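For reference, chains read A, B, C and D in written order, and residue numbers begin at 1 within each chain.
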Amino acid sequence: MKLTNDIRRQLLQNMLMAREFDNAMLRLYRQGKAFGGVYSQLGNEATSVGSAYALDTKRDVLFPMHRNIGSHFVFGQDVDTLMINHLARQGSQMRGTDGTGHYADPAKRIYGNVSHLGAMIPVAAGFSMADQLRGVTTVSMTYIGDGGSQVGEVHEALNFAAVRKLPLILIIENNQYAYSTPNSMEFACENLSDRAKGYGMAGETIDGTDVELVLKTCTEAVERARRGEGPTMVECVTMRMRGHAEHDDFSYVPKVLLEEWKRKDPVENYISKIVKAKIMSADEITTLREKTLSDMIAAIDRTLELPYPEAEEGFKNVFIED
Amino acid sequence: MAVLTYLEAIADGIRHEMQRDPSVFMIGEDIGVYGGAFKLTKGFLDEFGPQRVIDAPISEAAIVGASIGAALNGMRPVAEMQFMDFVTNGFNQIVTVAGTTAYRWGIPVPMVVRGPSGGGVGANPFHSRNSENWFVHATGVKVVCPAFPDDAKGLMISAIRDQNPVVFYEHKGLYRKIKGEVPEGEHVVPFGTVRVVREGTDVSVIAYGSAVHMALEAAIELEKSIGLSVEVVDIRTLVPFDEEGVLRSVRKTGRVVVAHEASLTGGFGGEIVARISDKAFTFLDAPVKRVAAFDSPTPFAPTLEKAVLPNADKVAEAIREVAAF
Amino acid sequence: MAVLTYLEAIADGIRHEMQRDPSVFMIGEDIGVYGGAFKLTKGFLDEFGPQRVIDAPISEAAIVGASIGAALNGMRPVAEMQFMDFVTNGFNQIVTVAGTTAYRWGIPVPMVVRGPSGGGVGANPFHSRNSENWFVHATGVKVVCPAFPDDAKGLMISAIRDQNPVVFYEHKGLYRKIKGEVPEGEHVVPFGTVRVVREGTDVSVIAYGSAVHMALEAAIELEKSIGLSVEVVDIRTLVPFDEEGVLRSVRKTGRVVVAHEASLTGGFGGEIVARISDKAFTFLDAPVKRVAAFDSPTPFAPTLEKAVLPNADKVAEAIREVAAF
Amino acid sequence: MKLTNDIRRQLLQNMLMAREFDNAMLRLYRQGKAFGGVYSQLGNEATSVGSAYALDTKRDVLFPMHRNIGSHFVFGQDVDTLMINHLARQGSQMRGTDGTGHYADPAKRIYGNVSHLGAMIPVAAGFSMADQLRGVTTVSMTYIGDGGSQVGEVHEALNFAAVRKLPLILIIENNQYAYSTPNSMEFACENLSDRAKGYGMAGETIDGTDVELVLKTCTEAVERARRGEGPTMVECVTMRMRGHAEHDDFSYVPKVLLEEWKRKDPVENYISKIVKAKIMSADEITTLREKTLSDMIAAIDRTLELPYPEAEEGFKNVFIED
């Protein structure tokens, strides 16, 4: 994929949407109107957007995790649908049975997560396997954290995918913390991508705040997958710039660490780059940004006007009967 | 109609569906070249090839999880647990992912998790478990426990065609011991209907899986010895449960024994009794007795295993008790 | 006696045992510096240090498995599941290893697996499950579901002192909502005895966990509105189960409602009904009714969640029904 | 540990015991007197014996798997106890509740396996952790196969052990097959010990038919563990020379492979070495071997005369009540 200015604009736009989604949700939380967890993905925009952008949204499939709002946007999810699903209002594809990012939208080729970390990785592998059996290559991209990487199912899924040369791409979002637990208490290897070799798959650790680098690395992974060379693991190093969810004051994170990472802000840095390269002007970006935030807030406001789904929905669809 | 063993009948059901529907495939450990630990899939690899008879690494979570993913993408996987006991390693996938997907997403997850369960064959605590009620209580998962070859085939075909995750308990003690006539070709036994395997008027035994055979043996024995007329109802599918089918028998006899091989406490027997005692209270002439395994792992030594598991004698004793009440 | 919340009482029980017995330690995710997702272990790290308040990687199987190993080696681990739902990832360790060790080896495995369970707080299907009956039916595992702060403390102390694996279900909806007087210091509530939390003569409600509070609310309501005298029996421990304690109440009233928050089918309610209908048949003046959640995952939206879960009104309705029979 | 001739003789003796245990069990199986599975460990003697020999049987602890009969002997298990446990006769430490190698003998510091592959690895880790909390270093040694290595719990346990620097040694017995499944369908990495780096632990792949090499490598691992440097993974490459269990005709194994590995027979080759080095004469070895086999058979015969435990044992000890 050649990086055109058009692509650069799209990367930025998607990152801004992710960022402003966060800001809008934060506002909601502070107003006491959000329920369930509000999981900020501040600092993670480049990883979500750059990775998903490497896929073909018409052929491939996305299994995002709780901090991958950017990936949803790349896959063309519209803000209203996302909000309605998130806040479990009438019209939600989940009919109120679930919320946050747990929805699936098969038409958009998005299959959301469950809370149990790692549980969807074997599922993503199996989705690709079905097409592999049909002789079609459908790349599945999914995500896991520096904490979730320790779950046994991650191991089983990666080994399985490597043995069957499945076109699975696992993005490891190493954002330094798993809830309050730092990397040093989650694992003892140097890089989580050191695990790739042990599965016989490709793997790399990269700066997850550099959207173009993420895109480039993931594009290579997609190409490898399309050539039938199996799965890849890409560890994107970032920082979770807020608490685990908004109830968490993250006082366990050293302030200096946050300051250091603030300098690597994926959105601000990319804006500088775009402006410096004269792809967009600072004003254009400010306008875009404001519009993005106001779109988000408008979508939230529209969503909050919607009632919750009818109680009777709770009694439907435990089984699908045809 | 051919006479098949319970094992052959299951294989026949799966083969029938694989021939009919290219989206059906099998996945499990040692099911290909080796033909499965019990040789249930013998010949499948040759007939269907390695793309449809997939030998997987020892990874029950990956096997179940990949099956879920394949099901989401239009396939109908039939996943084998080499022994049903090992489903504990794929447990999270079944209860957390498979069982909640229809409810949350409205998307079908048509898949079968199947394998040999049960004791009485001198295996050990880790090759003998009857864990069906875990999945009954999971919500969103269908649970099937056939007792006869024809049902085993017909229910397997229904399981594969179902739009939902089905956990299919085969009883390894019945695999080669139980033979019977099985319709060739298409033979569908719908979920959610009991089978009255023996008519009777004095006492009803409600059972499933291996316990159906214990009940039948007891019924024959008691008819011969004391002229008691015992009805044996095989519920066949635990989810969906044919409550009305059970109640019909209960209303007729007014005296009931519930039997299963799984351990007593917290088992599906309690559910059956609760339904009966709620919906047929006024028909009951005696307390409902349960016959089930003692609440322990299934022991290895034959002396202990025999003592701990239910059998025809124990069922007969319970029948006598409710008959005499 | 101090007035503590249910959450504080649990913490008090664990702290008491940690102060008393150096072999007790805690292990879980984010229980140290952070003090746990619900802040139940706030201050524990400072008081006991990182060797006894162990922050583990996100690995429920390793947390439970390592606890088993430590227990085999003379320690008394208290393992936290951040939400009880995640016990599905450590399920194999509990049912396959912990639950079979006493039986097979005769060696004690004194350990507690504890954590927040239950719904009604607008969490989601993966943060609301009531899975206690899985472990009831596992054999070899004790199962505790306290409803009140004093019991929560006293049962926790018993759980830690027990020689066997105990799964301890805390209800997250009660954590801060329910307060009560709790004896300071040593306070042991033995396993296997019910607590009659309200005496009555017309109808018995047998319940545990959050359902005890639904039952109490219903009982008060019905006394006020129609002068019905409802006895509420909190069974507190599912394994061991105080059958005689339940029967005592049943024999007195002859009319029974069984209530739990877990989904209906395959739940522990069936077990309770089966015991009652076996052992107190002649005392029953009405069918035993169960009140439980609808058989689905616990939904997220408040409208749906409220509809699906049991509550005081639903318990009251069932009581009216059995009273009117 | 300096390799004295005395040690060499003990290594040989333990390997011979393992080998003849196999031969005795085979005979039993052929006579139709064995029930449960008879899992031969032919070809695995050097791995079991060399690894366990690196431990201090008074301080350390063994969590053997189904093909580690040799390890039991190194830990001083006597033949009668082993047979009685194996065949579940009266006097079994398991009272008939379980059989084969599933027993525990705390006095001998042996804790047997459960059938579920990988399930005992976190348990072994926890056993060491208990002593680590007390300030004592107790090395736990446990085993897993080329197949069992794919189980999720293995991953969780190894990561956990590495993070906590537990003195855990995992011997991976890569005997080429997992039941009928060859390495190529179990994993896609080159060596299973490639996984060590991904946990931040030491790891090595060695010839598992060379008892002295196994001992040397494991001795280093034990030393590392005692220095507080955490777990080690040692992949011992061997060949399962018989079926998965005796009911299995292993026709799926290419004959040439068996022939090739027959030349690497750990027992025969060690005998040659011992004889060549004049540590024992061929005659002495033949005598030892015959005596070992006849001891095994005698123990079996004594065991078979014992009744099974009383039925009432089945109703005891589901819980331990004090």
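Rule of thumb we're sticking to: a contact is a pair of C-beta atoms (placed from the backbone, for glycine too) under 8 Å apart; a residue touches a chain by one contact, two chains touch by 3 or more.
Bear in mind that the values here come from a model prediction, so they are computed numbers and not experimental data.
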{"item": "Chains contacting each of chain A and chain B, listed by label", "value": "C, D"}
{"item": "Interchain centroid distance [CA atoms averaged], chain A/chain C, Å", "value": "36"}
{"item": "Inter-centroid spacing, chain D versus chain A (mean Cα positions, whole Å)", "value": "45"}
{"item": "Cα-centroid distance, chain C relative to chain D, in whole angstrom", "value": "41"}
{"item": "Whole-Å gap between the CA centroids of chain B and chain C", "value": "30"}
{"item": "Where chain A touches two or more other chains at once, by residue number", "value": "94-95, 97-98, 102, 114, 116, 150-153, 156, 159-160, 163, 185-187, 318"}
{"item": "Residues within chain C bordering two or more other chains", "value": "56-57, 59-62, 85, 88-89, 92, 96, 100, 103-104, 125-126, 139-140, 295-297, 299"}
{"item": "Chain contact topology (line, ring, star, complete or other)", "value": "complete"}
{"item": "Complex interface listing, chain B residues touching chain D", "value": "29-30, 32-34, 37, 55-59, 61-62, 83, 85-86, 88-89, 122-127, 294-297, 299-308"}
{"item": "Chain C residues within the chain D interface of the complex", "value": "25, 51-52, 56-57, 59-75, 77, 92-93, 96-97, 100, 102-108, 139-140, 142, 163-164"}
{"item": "Contact footprint of chain D on chain A as seen in their complex", "value": "150-156, 159-160, 162-163, 165, 185-190, 192, 194-201, 230"}
{"item": "Chain B contact footprint on chain C (complex, rising order)", "value": "85, 88-89, 91-92, 95-96, 99-100, 103-104, 125-126, 131, 133-134, 136-137, 139-140, 238-239, 241, 258, 262-263, 265-274, 276-279, 281, 284, 286-290, 295-297, 299"}
{"item": "List of chain A residues in touch with chain B within their complex", "value": "93-95, 97-98, 102-104, 106, 111, 114, 116, 119-131, 133, 138, 140, 152-153, 156-157, 159-160, 163, 317-322"}
